[in-house]
Structure formats: C-alpha cells, structure tokens
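Shared between the two complexes below is chain A, which has chain B as its partner in the first and chain C in the second.
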Partner chain A sequence: MPIETWLYCIIGFMILGSIVALELSDLLSAVVSIGMVGLGLAICFLLLQAPDLALVQFVIEILSVIILIVMLRATNQRWEKEKEPRSLSIVKVTFVALAMIGALPLFLGLPPFGHPLLEVSSYYFAEGLQETGSPNLLTAIILDYRVYDTLGEAIVIFVSVIGVMTIFRRRKKGGSGHGQ
Partner chain B sequence: MDFIVKTVTRYTVWLIMLYGMYLVIYGHLNPGGGFVGGLVIALSFIHVTLAYGKAPPAELPGKAVSHTLEVAGAFIYVGIGIIGLALGLPFLSNFFGKGIPFTILSAGTIPLLNLAITLKVGMGIYLLYLVLLGTGLSQEQDGKDER
Partner chain C sequence: MIYSMCFLLFLVGLYGVLTKRNIVKIILSVGIMGYAINLFLILIAYREGAGFPILTPAEPSKAMVDPLPQALVLTSIVIELSTTALLVALAIKIYQKYHTFDIRKIRRLRG
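Let's look at the complex of A and B:
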C-alpha cells in the first residue's frame, strides 16, 4: 500500500477520535480520546520519516494526558454536557459543510503531496552541516537558524508555569484562610 | 499503587532517565534534543511520583529546587546570547568553533543551548505537574518552599 493510504486511514481515525472527544459527556474519557488523536499524529510523523517530531509528539501526548487528568483532579470539576436543541446542531453541520465547499478551490490549489512550496529547506540540506557543525539538521535549524523562535517558546513555557502557579496559590490561600 | 507497579517503577525509571540524558547529550547528532530530552527526564520524575504517591523512595526535587533549575535554564540561554553580543556578534549567534562533525563536542553553542532548553522545559513541566498536584511532595516541604 502506498504511504498516502496509510495516512488517510490514520487521519480518518484521528478525526473520529476528536469527534468522539467532543461528543462524550464525561471529561475524563474525552481526555483519553484526545490522547488517542495525538498518538495517531505521532504515527503519521513516523510514517513520514520525521523521527524528531514523532519522539516529541509521543512524549508530549503522554505528558499532556497525565497533566490534564491531574488538572481535572485539582480543579475537581465534573463537567456535564448540556443537551443542545437538534435545530442548532443541524445549523452547525450545514455551516461546516458550506465552509468545506467554499474552501475546496483552496485545497485544489495546493502543491501535490511531497512537493512543498518553501524552497528554503534545500538550502539547509546543502549548507546546514558546514554552517552549524550539527549533523542533525533539525537541531541545527531550531538552535541556530531559528534560535529566536526557541527563545520565544521557552518564554511561553515560563509564562504558562508562572500563570498556573499564581492561580493555584491564590486559590489555596483563599481556601485555607491563613498565610496572608 | 500496588506492589507490582512500585517494583516495575523501581527497575525501569533509571532507564527512562538515562534515555532522556542520552537524547540531550546526543541531541545534535541523533534525533532528539533538549526539548524531548527534558520532557523524558520530567516524565521519569512524574513516573516515580505517580507510582509512590507521597512517600517516594528517593528524594525528588521539590517546588523550590525545580523552580530554581528552570530559571537557571533561562539564564543560561539568555547568557549565551549576551556572550555572543559581547563578542561583537549578533544576539544568540553560534560563536564557538564548530569542531569535528559527528563528535559530541562539536556544533558550537548548540549542545549548551540544548542543556538550557532541557532545564527549562523539563523542570517547567515537572513544576507544572507538582503545582497541579496541589500538595507538592509533602506538607512540611511545601511550607518550607513558600517561605
């Protein structure tokens, strides 16, 4: 079977998983379903011969499922899905279908699979090892050519950790009543 | 958790951590790097915490230690950039010698930046987990950390 067929199967599986995650009423089961979607993406990366991305995606998916479950425990929320009227869901599906039909010319205009628009990668393949000394070209791009992006990523993680710490500290003090 | 989970954790967690360190140190030669290496190391800590609960068999880094390490990672990253500036090069430029390719000590500042990203991401995610867990590792350590 060609690689595209496998990719279509896995992507269909992922779409199914995300729809299941949206429709489930139990939040814990939805988290597990989202984890399944991420693992499908990791297998896609492996099939496309991108081991770096596959590694990151596998580990991030495991960690995000753990962190989401711990967060469900920490916030202690049992979220119940509201029943929405049938007419509203029909309207939603119609709008999504119309948007897909409207976006069809856009998808038809894309270059074929395996022929990217950006030509800059050929420069990295040709010059990356000489300019950075790193045989792993992905690391060379992340930590040499695009090092400012990585700095921005680190700042994003820092800010999110600080934000979570701030929110949970205030909550704890309000609950226990001491420590002012 | 029960006896089986604890025993399996005790025999496998050092392998996970070793794999994380391997990913970091060989990040510029093999698939891997600071981001995923830090995550695997954080995952080994989380693994022990999940299996053993509030009484881990060894001393794990608490909130204060992991926060210090995380900030140290950020300082190393920005510090490398400022050293580049001081040498008259652009911010965060690769100012070391490139070395021989395919050896560990090569590629200039890339291994150092990998280490900084490891501390930043790994300790950041572990700290996030500890904060969300609510109590940290034990109550009195929590009180000490807040100071």
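Let's look at the complex of A and C:
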C-alpha cells in the first residue's frame, strides 16, 4: 500500500479517537483515548520519515497521560456531569462545519502531498555534515544552526516548572486545604 | 486531500474547546489541536520517496525529507507537554477552590 493510504487510515483513526474522547462522559476513558490519539500521531511521524519525532512523541504522550491521570486522582472526579444543551451545540457545530467548508480552497492551493516547496534545507544537506560533524541532520539543526530555539524551549520548560511550583505553593499558605 | 483531514482533526479540537464545559475536556481539546498542527507541519515537509534525514555511509547522497520542520516540531512537542502540565496544575487549583470542573460555576473572584 502507498504511504498515503496508511496515513488516511491513521488520521481517520485519530479523528475518531478524538471524537470518542470528547463525547465520553467517563473522564478516565477520555484520557486513555487521547493517549491512543497521541500514539497514532507517533506512528504517523514514523511513516513520514521522522523517527526522532516519533520517539519524542511516544515518551511525551505517555508523560502527559500520566499527568492527566494524576489530575483525575488528585481531584477524585471521574464523571463529566455538566452537558451543554443540544440546540446550542448544534449552532456551534454548524460554525465549525462552515469553517471546514471555507478552508477547503486554501488546501487546494497548497502543493500536492509529497512535493514540498520548502527548499531552505538544501543548504543543510550540502554543508551540514562538514559544518557540524553530525550525521543526523535533525540534531545538527536543533543543536547547532537553531540552537537559540532550543535555548528558548528550555526557558519555556523552566518557566512552566516555576509556574507549577508557584501554583502549588500557595496551597499551604492560603488555608484552603479542604480540597482533596 | 490529506491536509484537509488534518484540518478536520484541528476542528474536532476546536469543537471541544467551544462546546465542552468540563475543564478536563477543554485541556484534552487543546491537546488535540496541538497534535493537528504538528502533524500538518510534518505532512508539509514530506517528500515522496525520500528517507529520514540521517546521513549513512552506505548511501551518502540519498533523497531526504526536510529536517527543518522536524526540528521545529520537536521543540513544539516538548512545549506542549509543559503547557499541559501548567493547565493541569491550574485545573487542580481551581478544583480545590471551587470543588467543581464546571466552567460556568467558576465566576466569583475569591482571594
């Protein structure tokens, strides 16, 4: 089978998994469905010749599922009780469908799948090994050519860790410890 | 068209953000939108018949897919995890204060 057929199958599976996750009223099952969607994304990366991304996505997906399950455990809420009235959600679904129809011409204007326009990286192919000494061009880019991006990523992670610590530190001081 | 299926995945996430009233569902929807964006960038970078961007001694001049979007998406994936962690921390804090995940009941500002 060509790669495109596989991708159609897996993206269809991901869309189905997302809808199931959003419509289930059991929050734990919803989190597990999201984990399956993320693993499907890892398989897509593998098919699209990005093995490094597939590995990272695999690990990150497991971590985020663990974080979400920890949240459900800490709050002890397993069922989604609040539902929106049907008429209101039908209006919103109509708007989303209109956005889909409106965006279709945009995708027809893109180059066909498998023939990208991006030509920036031909320099990396030609010079990457000599300039950085790394046979893996992905690491050559993230750790040499675009190292400031990686620095910014590290800063974002650091800020988010500081944010989480700050959010949880106020609990001891604020006296609202009857949460759990 | 494979790009429009990817956009459909994004719209599923958008639908979740718009219609759901549970904070956990909203966090999941934000995650879905992030998946769709990452997948779209990698789909754009794919070149037909090309291999992964690692130079091997066996075939030094093979066709390779574009490594630049892959590097950017690598950063984006990790940042998504930290976003999820921050959202989860805020959700736990909201639950401890209001004893609910319902966004309509989180209204009053209490010090």
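General observations
FYI, the second predicted complex is superposed on the first by the 165 of 180 C-alpha atoms of A that agree within 3 Å, B and C clash if a C-alpha of one lies under 4 Å from a C-alpha of the other, contacts with A are read in each partner's own complex, and residues count from 1 in each chain.
In the analysis below, contacts are C-beta pairs under 8 Å (C-beta built on N, C-alpha and C of every residue); 3 or more make two chains touch, one makes a residue touch a chain.
Computed from a prediction, not measured in an experiment: that's the story for all the values here.
Legend: residue contacts after superposition of the two complexes on their common chain; A:V56 is shown touching both chain B and chain C.
In the superposition on chain A, contact of A:L27 is made with chain C only, not with chain B. In the superposition on chain A, contact of A:V164 is made with both chain B and chain C. By the document's definition of touching, of the two partners only chain B reaches A:I66; chain C does not. Comparing chain B with chain C, the partner in contact with more residues of chain A is C. Once the two complexes are overlaid on the shared chain, A:L151 sits against chain B while remaining clear of chain C. By the touch criterion defined above, A:T132 reaches chain B but does not reach chain C. Touching of chain A by both chain B and chain C, each in its own complex, is seen for residues 51-52, 56, 60, 63, 67, 70-71, 74, 129, 135-136, 138, 140, 142, 150, 157, 160-161, 164, 168, 179. Those residues of chain B lying in contact with chain A across their complex are 23, 27-36, 39-40, 42-43, 46, 50, 70, 73-74, 77-78, 81, 92, 94, 98-99, 101-102, 106-110, 113-114, 117, 120-121, 124-125, 127-129, 131-134, 146. Partner chain C is touched in their complex by these residues of chain A: 4, 7-8, 11-12, 14-15, 18-19, 21-22, 27, 30-31, 34, 37-38, 41, 44-45, 48-53, 56-57, 60, 63-64, 67-68, 70-72, 74-75, 77, 80-84, 88-89, 92-93, 95-96, 99-100, 103-104, 107-108, 110, 113-116, 118, 120-121, 124-125, 128-129, 135-138, 140-142, 146, 149-150, 152-153, 156-157, 160-161, 163-164, 167-168, 170-171, 176, 179-180. Those residues of chain A that touch chain B in the shared complex are 51-52, 55-56, 59-60, 62-63, 66-67, 70-71, 74, 129, 132-136, 138-140, 142-144, 147-148, 150-151, 154, 157-158, 160-161, 164-165, 168, 172, 179.
Across the complex, chain C meets chain A through its residues 1-9, 11-16, 18-22, 24-25, 27-29, 31-32, 35, 38-39, 42-56, 64-75, 77-86, 88-93, 95-97, 99, 101-102, 104.
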